[in-house]
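First subunit A sits with subunit B, and in the next complex the same chain sits with subunit C.
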Partner chain A sequence: MSFLPFAHALVARQDLPVPAWLFAWGASIVLIVSFFALSVAWRKPRFEEARWRPLGAGFARGLVSLPMQVLCGLVGVFLLGVAIYSGLRGTEAPDRNFALTFLYVTAWLGFPFFSALLGDVFRPFNPWRAVGRVAGTGFRAIAGQRPAHLSYPEKLGRWPAAIGLIAVVWLEVVYGSSGGVAVGLDPHAAATAALVYSGYTLAMMALFGTEVWCARGEVFSVYFGMFSQLGCFGVEDGRLGYRRPLAAAAHWATLPGSAAVVIASIATTSFDGAQEGAFKDAIESTFNWFADRGVDLTTSLRLTDTIFMLLCFAGIGLVYLLGVRGMRTIRGAPSLATLRIGFAHTLIPIALAYLVAHYFSLFVFQEQAQFTYLLSDPLGTAHTDLFGTASGGIDFRLISATTIWYVQVGALVVGHVLGLTLAHDRALVYWPNYREASRSQYWMLAVMVAFTCFGLYLLSVSNG
Partner chain B sequence: MKNSTKAAFACLAALAIAVGLAACGGSSDETNEATATGGVTRPADSPESASMGGKVPTIVIRNGEPVGGVKQLEYDAGDEIRFEVKSDVAEEVHVHGYDLMQDVPAGGTVSFDFPAEIEGIFEAELEGRKEQIAEITVNP
Partner chain C sequence: MTLPLAHIGHYLWVFYLLPVIFVIAGILKTTLSEKRRKEEDSDDD
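This part shows the complex of A and B:
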């Protein structure tokens, strides 16, 4: 049986598999650079302190001022509203409707990319946070006291966000791909999901408090916020400042479940990359197994994909835990729990690298649609032309296949080296003796090399 | 450096070289294959290769589905992409990425002939049924 369809609703063009020679070069460079990164004299931790310095200029103050916060919040609420409205009232053609591209490409991929460079750019635009803050202020004005929130069960930590993250990707690449009949998630379903998610989020904010929920359970705040830890701008005490890139990540994973968030990110991206390549045969045979037992085709496919997505999560989690477990063998090692939390942030650059490697081309191509016909004709009616760009389209010649290959392999190599650097830096905290720290990192090196080779392998067989 | 550290580094270096060699060694056959199929002439034993000979590949549609499954067509950038679709149902054939559409009447045939100027993998489908009929690969 070979009618498993494209998983994505939006993909008109798929990337070519990375050729074997580039794969070999990528893998070799990773190993050699890793080797030198460890052997050079990096004997003191450098990323434990972010060295945040406030930016004094009026421009920097203006960026985080209250009127700006109100404006950004309004923009966020407005854009979410446009996406939901387009999804519910617009065309069912996924590629002609504003909703899918905006939610799953512009926001879902755009925020991680820009957050990793700049800092938390999502926070001011977060529509649910904006509504939650207005509601909180309103409550105080009317009731004359702060709303009495439940205390959040701290054991849960970021687990709700990790599960939510899997659910968001599941909706697109598992629920959306429906057994050889339709192609991908339809805009109605995406808009409905966005409405349901909004209701759930606002309820949770009312229960536990806006900022508490944003830091722990709100999927998008936690997920984009994770990447923003790599960025070089941060807000402290209401002031915008510059900080050492990557350094804020060092203290990100202190809440329980943080490792699950970053592993969920790597796992879902891996699954999406593997389902039409590396896992294709296994998925097809599992799918047939269900189908032969009388399960209808759509359910069979969704069940199969769900199983494989969860297997990815378990597998990647296991590799990480093995690496952490290995470090316990070095004399003077802290507890397993400390190590598990202590090295979670070193996977953030890997998660970003996987995102860039798998979605860079989709982002570049689909954003052309976003800013041409989807902007001018969000409902896809073919009768609207708000900004005169409705007749625009995607120029697939904008970047060549070879450029895409180099970006993919380059992202994996750079991401891996950054992850390794963060891990080495953290090891120096636990093992002040530089030699012991280095030795503990052979385990992390094995983990990182495994992730990179797995990533490269996925790209080299991106199509079955 | 202590001896144990040196030994560990030596092991790592050996591992790096071994994996590097293995990767290169493993890839050399594939690279040869790639040049063989990537060139202008193609081996006769790849029946799915589209630019083989002068014959234009035909995708036959029966009951709205491609006979023999989704047709794999492979080209190099700059080639002419030529194929025909013979259908027993009236449909619209859509080549994604290149965004080309042609109607085919029931029992009729349409031919496509366009330069392979966008690299990547594209699907051709029957637009009304959302049925994929071909996967077109354009290598750089």
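This part shows the complex of A and C:
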């Protein structure tokens, strides 16, 4: 059996026909060509209406029926329970314990990928939503009235989810990697964090209402829901339907803090990619600066990593704001606040592209572990073999380093072209004259080229 | 003679920055020339 060192992303030197930086030039050319093609051929907004159409009666109704919702909710609660129990009672070896791979790979990476393709697949499986709904139904049955919730402060918007998103990644890549070993978070800490988060989420749902909190503050609902806006299936009025891909994203960012969520996603992924590569020297220097001043080593490392993660957030946010600021120079531009909110959704495909680029290999390899030995022996004690796959392993030859590189480049290029398309489409809403709309997107083109080159640079340094 | 390229790896980031600089330079050039043309048009009027 082969064991996977539980690193954040698998890296290996590829055998490329040209230097890696030439891919950044090629990707930039693709973006520039796409920009001009959009300017010429895309003259009316097409994503403002999702054009949702209900799917055929039987199967679609069955998928969103109450028994199916109950079943999915039970599956979600059961899997969360297994993850927490495995983390608390299982082995401390991260690669042998069900908890870490399930929470940080299968769920954290799997839901964004599938949500972007299909729509909000997390919503029915959300364990906290399921518990919240059951508690609400129970309260109504006993008290004979709806629970009285506090009204949610609308100014907060999705900021609790943005901060929570940074906290979830911080736990794994900063807190988890600060123990002096390169194995990430230990399963016990992950399970404890899941328990604390469950308590916090249920308390917030009791205060503000289950659906209100899921739409604004529940990290996983907001985060996975953000990617689901790219998908082609959605539920409206309790009916499953087909909608124009990407179109639902156009109205996602209207709540305050939405831009912070998508920027936090790009920033945390960037930091994870840069931690052992592009930022390595700077992180070491800052760490030494703290250590030289008597701060203990673990605190120095966590402090340094936290600073760099926040700097990534600030840097990505600043680049986005510069792009938005550039649009203000075009005649007839709406206010800066309108532009800032109006173009935030264009970063969603980029956030997804960064996720695919940085974690595709980890996902492919670690899911082999998830569906073989981790499923059969969740505690990692070598005493159980539930499905007869406990002796399974990971086939590292499944994809080569070169294939991984091409997937990474492809993901970044496609993600940024989709981002450009969404931005161009939104510009046509603010500037009905397509020439001015195209002119307004010059700076967004620069933003997209900057994010593409930055992403490829991070990958090339990590892989090199 | 051996070229002193031992540390070139430290400066590879420049190659990733160049496309961004080219695009920004192109935007600035286009924006300025459009501005100049508009000013000339308004002077003609």
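Keep in mind that, in the parts below, the second predicted complex is superposed on the first by the 420 of 464 C-alpha atoms of A that agree within 3 Å, B and C clash if a C-alpha of one lies under 4 Å from a C-alpha of the other, contacts with A are read in each partner's own complex, and residues count from 1 in each chain.
Convention: contacts are C-beta pairs under 8 Å (C-beta built on N, C-alpha and C of every residue); 3 or more make two chains touch, one makes a residue touch a chain.
Because the structure is a prediction, the values reported are computed rather than measured.
By the touch criterion stated above, A:N288 is placed in contact with neither subunit B nor subunit C. Contacts of A:T329 after superposition: subunit C is touched, whereas subunit B is not reached. Of the two partner chains placed by the overlay, only subunit B lies in contact with A:S400; subunit C stays clear of it.
Of the two partner chains, both subunit B and subunit C are touched by A:Y442.
In the superposition on chain A, contact of A:Y457 is made with subunit C only, not with subunit B. In the superposition on chain A, A:L16 contacts subunit B only, with no contact to subunit C. With both structures placed on the common chain, the touch criterion links A:S28 to subunit B and to subunit C.
Counting residues of subunit A touched by each partner, subunit B versus subunit C, the larger count belongs to B. Taken together, the two structures place residues 19, 21, 24, 28, 32, 439, 442, 445 of subunit A in contact with subunit B in one case and with subunit C in the other.
Those residues of subunit B whose C-beta lies close enough to touch subunit A in the complex are 1-2, 4-5, 8-9, 12-13, 15-16, 19-20, 23-24, 26-27, 30-31, 34, 69-70, 96-97, 99, 117-123, 130, 132, 137-140.
Those residues of subunit A that touch subunit C in the complex are listed here as 19, 21, 24-25, 28, 32, 278, 326, 329, 439, 442-443, 445-446, 449-450, 453-454, 456-457, 460-461, 464. Contact residues of subunit A toward subunit B in the complex are 2-3, 5-6, 12-16, 19-21, 23-24, 27-28, 31-32, 35, 38-39, 181-183, 393, 396-397, 400-402, 435, 438-439, 442, 445, 463. Within the complex formed with subunit A, the residues of subunit C that make contact are 9, 12-13, 15-20, 22-24, 27, 30-31, 34.
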